[in-house]
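Letters are used for the chains, namely A, B, C, D, E and F, taken in the order the chains are written, and counting of residues starts over at 1 for each.
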Amino acid sequence: MNRLLITGANGNLGREMRTRLTHLAKTIRLSDRGDLGEAQAHEELMPCDLADKEAVQKLVEGCDGILHLGGQSVEAPWEVIRSANLDGMFNLYEGARKSSVTPRIIFASSNHAIGYHKQTERLDAKSVTRPDGLYGVSKVFGEAIASMYHDKFGIETASVRIGSCFPEPQNHRMLSTWMSHEDFVRLIERVFIVPRLGCPIIYGASANAASWWDNREVAYLGWNPQDSSEQFRAKIDAEMDPPAGDDVNAVYQGGGFCGDGIHED
Amino acid sequence: MNRLLITGANGNLGREMRTRLTHLAKTIRLSDRGDLGEAQAHEELMPCDLADKEAVQKLVEGCDGILHLGGQSVEAPWEVIRSANLDGMFNLYEGARKSSVTPRIIFASSNHAIGYHKQTERLDAKSVTRPDGLYGVSKVFGEAIASMYHDKFGIETASVRIGSCFPEPQNHRMLSTWMSHEDFVRLIERVFIVPRLGCPIIYGASANAASWWDNREVAYLGWNPQDSSEQFRAKIDAEMDPPAGDDVNAVYQGGGFCGDGIHED
Amino acid sequence: MNRLLITGANGNLGREMRTRLTHLAKTIRLSDRGDLGEAQAHEELMPCDLADKEAVQKLVEGCDGILHLGGQSVEAPWEVIRSANLDGMFNLYEGARKSSVTPRIIFASSNHAIGYHKQTERLDAKSVTRPDGLYGVSKVFGEAIASMYHDKFGIETASVRIGSCFPEPQNHRMLSTWMSHEDFVRLIERVFIVPRLGCPIIYGASANAASWWDNREVAYLGWNPQDSSEQFRAKIDAEMDPPAGDDVNAVYQGGGFCGDGIHED
Amino acid sequence: MNRLLITGANGNLGREMRTRLTHLAKTIRLSDRGDLGEAQAHEELMPCDLADKEAVQKLVEGCDGILHLGGQSVEAPWEVIRSANLDGMFNLYEGARKSSVTPRIIFASSNHAIGYHKQTERLDAKSVTRPDGLYGVSKVFGEAIASMYHDKFGIETASVRIGSCFPEPQNHRMLSTWMSHEDFVRLIERVFIVPRLGCPIIYGASANAASWWDNREVAYLGWNPQDSSEQFRAKIDAEMDPPAGDDVNAVYQGGGFCGDGIHED
Amino acid sequence: MNRLLITGANGNLGREMRTRLTHLAKTIRLSDRGDLGEAQAHEELMPCDLADKEAVQKLVEGCDGILHLGGQSVEAPWEVIRSANLDGMFNLYEGARKSSVTPRIIFASSNHAIGYHKQTERLDAKSVTRPDGLYGVSKVFGEAIASMYHDKFGIETASVRIGSCFPEPQNHRMLSTWMSHEDFVRLIERVFIVPRLGCPIIYGASANAASWWDNREVAYLGWNPQDSSEQFRAKIDAEMDPPAGDDVNAVYQGGGFCGDGIHED
Amino acid sequence: MNRLLITGANGNLGREMRTRLTHLAKTIRLSDRGDLGEAQAHEELMPCDLADKEAVQKLVEGCDGILHLGGQSVEAPWEVIRSANLDGMFNLYEGARKSSVTPRIIFASSNHAIGYHKQTERLDAKSVTRPDGLYGVSKVFGEAIASMYHDKFGIETASVRIGSCFPEPQNHRMLSTWMSHEDFVRLIERVFIVPRLGCPIIYGASANAASWWDNREVAYLGWNPQDSSEQFRAKIDAEMDPPAGDDVNAVYQGGGFCGDGIHED
């Protein structure tokens, strides 16, 4: 690629990807509301509020790839979700539609779009959504925007329902949802390499033994996660008790989010 | 019911329902941004902007049933959709959650939530969404809100993907999508009568021969549409040519919406 | 048919069928543990305890059709269920296997074999069983016996998961489960007329608007229920309130059975 | 339509359709290898051997609709099937591809394309084929030709797996497979009226109670068969015994064809 | 666990598990009708006839895990099956229900619950049962008991349809059905470790290349069989011919059981 | 086996298999229209035109296994396809039916039988066919012949929809479709070893990361491809650009065949 835009580049996941994707494009354009530090040789820094439509238009212009990690990444009051994840998503796709180069987009969706499914269910890309909060609803919205811009304008998006993308799983539930940074990088490579992407839904998890998710619908991507959470099981077992059988962390795929109420302002 | 709220009571569908649902509740509370005329004996008029959270809270308070027809009902610029259908939907469900009486809700969703499916496909409640514009995206969002408030707080909603609810079908596509006012009334009765509703997706169409939609997942409601668009076929054939085979009105379930672009402000 | 055996002929359903099936066979052989009254011209009375293997052997001998209504028909202690529905079923099929004429059998199974499915689910013959008590478990057992004797010995059985076979539905749940006596007779006729029966699972309900059950797998039988419970809805609405939304009668297909415990001796 | 071509116009079904479809086109072009009699005012007679590629090219030229009833309509030796149904089908579609007007085509496929499915199975358009002889194989071939010319050249075909299209069903099996002439006419009308046909598989049977076939995939056509074989059941029961349970006419959907061998020359 | 009960501890599988599960509980309580030998330090020996309800009640009391291997493990006359597998199963679950500690249970079900499915079919947990004898019927019964006690009382059971659990596969059919002792131990560990088990159906087989069974529904358990029967193929090929293509051992999943009759007393 | 016939033994794939299958039969009978070179000790050379029915009868006589690689293997004019793939297939199966030994057959079908499915779809053996040319249609025909001869005469065939069987994948599309010669040999071994084959559809591809095909329906064969195209990805990336997203090689599973027209004579 010529220019890859990473939004949310100052978030945890954004900082990881900033250093791991340098082989994918000549220039990496980085954006965030927060501090982006020093630009490296191949980097462009473009701080931007995703709720600012005109700024987003400039941000997107000229990029042939976008890794959209930006926006609100956990539950929050409605106004926060609305600006960051609804306005932000709309602005990004309007920018993409009007850009002189049509970008291919990876949208960081979330397991919280399907969080109220039980852990004894097995989901694939055709499963109905069951969001577990306003954050999850905003991800269903984002996937709908991606679907519509694909059907109407041909913009291709990979919506990745990310499980838990950390260096290590941090509790028993994450033994099912964990995705290693390396596996995420492998997925990003595949999305930008395949000649025809379409607009798939992808579950973002490593090859965990205790997975609930089935990526059979996107076999054509050729993404093969290489890591597994099993190597961390003994460590987690040693550090904490598993949740009780009727704990939301043991019942629902979305875990703790399912037990929370709505965030008042 | 004690008190049934009808939002959007000044719209076409709202005005029809205002006169046809009087047997369902002791009091009908009517709301709209526009003029609501004179209150009848059993009516309460409460003009309200759905984007006004506090007003909506008062509007919902004390209602045990809500027929939510309000909001933007065709494609429009983002800001309009956002206020009417995103803020409005959130405010309505927050109102329901905080109300002293938990209402059962009928949400007027739309075929435009699945509009980019082809007319040669047959859909049911488990089919993936494919919205055909910002309006359609807002309906996917609305169904997600309903799903989440059901899973999290137990509020029951019937999301009705309304086809074309007019006195008569007006073109060839509507021979597939038409729902008579009488059949809609029958559906509303069933939704409020069954002891356990859950949170179903319902396709709102009469018993049309040329239907694309299969309500098998909601057989338990006992709704049997009695009307059929076939009686109007000859009339429509006489009035106009059918669309060409590659016309969006013949290709996609969402018809003309699928051929339109995004409304700029 | 030459000789049709009706077991449980002194039960409510047995007494109805005794008078309605006279056109199906030259001789109707009637059996029950209880009093069978006076034999009509075309009738043979053979009182019999289904737990008595030798007696059952004689009972079955020479019959080319069996309507097996006998056994325990509601929840009961284990010993009662075991004798009537486990021993009884085994004895009946051993009798059929050893008989000089291989009979075709209708087994009165029950909705309680799938009673813990929720009323918002739609079942067909492939749905997994979820029995709602020892009685329901005995019906799963009976269907398994029928399946095995079909695969191993070619004996054909129609297992009918009877809903509620009364003159009229008696409460709101039965608006979904009711089967008229006339529709049951129509079904019995079809089972004995089709040249090849196989070993189907059939949901025994009239053409009720509010059905939860789908008989698509047995379309080849040509059974078309003619009655519907809707005609009784107003009467039931007038006589009683519908169950509350969280009442077992509104939640589970098996209704009240799902709320009961195990019958101790 | 301007000009509708009927091939096989001298066959039983062809002669029926010749008189029943006059409202569908200004000119009906009739073709057969056999005698076509006198031309009526609106008719063009063009005798033609379907195995003659050049003649077929002329036959198809200028037709906007084709009802392809021609070819070999029962089992026959390979050379007969090959000429009439393989060469004939190829020639017809090559003709259609090269014609100055692209026709919409109805292909008279057959239940013998799926004849080895058992009568206790229920099929829809997605079921795998199981042809019951060379004739059935030729129909699978024909559907494949239709599919390929649709995907490659956009020619639309309705492949109708005709059951038994006679004035009355003639035996017990036909109570499941019968299609009245009137229902076939209704289907032909729908195929030529809908703006977008695609390339569907349709089971050609009336609304028979004992059907094995499910047309759910083509609900969008709006075809509602009005007749049912049930009215003839008593008559057939009076005229003949039903086939024994292990007779091919009672076991397989294709009936007697399934018991036959291969026709040697 | 505090106390794990193993029933059938003197059977082949029971003796294996007695020595391999010592890491799972502080105390292993062992039961059988036969001789249990000397108790090891961490063992409790409680000989018991499963048909003796009161004895079973005492046996179960205080156990937080049960591995139910007891009962009749091959085809037998009805009275034997009934006592060991029907009475025994009922008594065990009544014991569990009344125990001061609710145990989690592993029920040794069997491939003979689905034995009449052909070897060319692929099954998962939703496939219909097709028992291949009285033994297989008793396993369908057992799974029904487990399902009912889960829905009614919340007792969690893993019903494991064990294929062939021997040190090595012993014939060609077992190349498909074999489960190594090590893989069974791994499964038992997973069942007792996951916080929420539910009431799943699990196919008990190693990662055999020629498997007929798909455990996709229980991916959430995180059970990954590590062994494969392929390593024994050459040995079996050398020792015996494969069964002929129409031998029951080559046709049905249940193998030889499918060719046997009913055991008379 | 006693005698294995390989047709098309002078083709690319035939020459490979000639040397790799010597362990499978005492005698390898080789056939082709072209030059077959020198016979090795265990070989019989029988040049033959598959369109010559009598010659094919002699060719097949006495073989207990057939690897049918013969016929036209790429798109060609109708007459060529008809002789080689329609007549040839019919002749082969008539030969098999009349042979004194009933052979088991491997039919080299092709991915072009399903070529018009998009690369974003995932197929299994139950997916509908979508041939991408006359060659693809002839493979659908061949699978239908195999199905019919199995249902009617019990002849067992493995129809292998071969992807791309070359020493190495030669372009990006083949990273999805490639099958190594070694994996094909493994498949052939399994087909001839299993006691009961039936008449399965098998996708012939190695364990490629980017596969579109799911062989779940034939797990019972125990075929485990060992190779993967991923090892060649870097090489192909270095040698050529991937096809553009709207290139037929990136859109359809059949690749370039989907962009071609019909071959005129």
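In this text, contacts are C-beta pairs under 8 Å (C-beta built on N, C-alpha and C of every residue); 3 or more make two chains touch, one makes a residue touch a chain.
Predicted model, so just to flag it, every value in this text is computed and none were measured.
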- Task: Taking C-E as the reference interface, identify its repeat among A-F, A-B or B-D, namely the pair sharing over half of the contact pairs by residue number.
- Result: A-B
- Query: Once you count every C-beta pair in contact for both, which comes out on top, A-B or B-C?
  - Reply: A-B
- Between chain E and chain F, what is the gap in Å from one C-alpha centre to the other? 42
- Item | Distance from the mean Cα position of chain F to that of chain D, given in whole angstrom | 31
- Message: Averaging over Cα atoms per chain, report the distance between chain B and chain E in Å.
- Response: 51
- Task: Specify, in ascending order, the residues of chain A that touch 2 or more different other chains.
- Result: none
- In the complex, go through chain D and note every residue touching chain B. 156, 193-198, 200, 216-217, 219-224
- Item | Residue ranges of chain A in contact with chain B within the complex | 78, 82, 86-87, 90, 94, 97, 116, 126, 128-134, 136-137, 140-141, 144-145, 147-148, 151-152, 258, 261-262
- Query: What part of chain B is in contact with chain D in the complex they form?
  - Reply: 118-122, 172, 175-176, 208-212, 214, 230, 242-247, 249-251
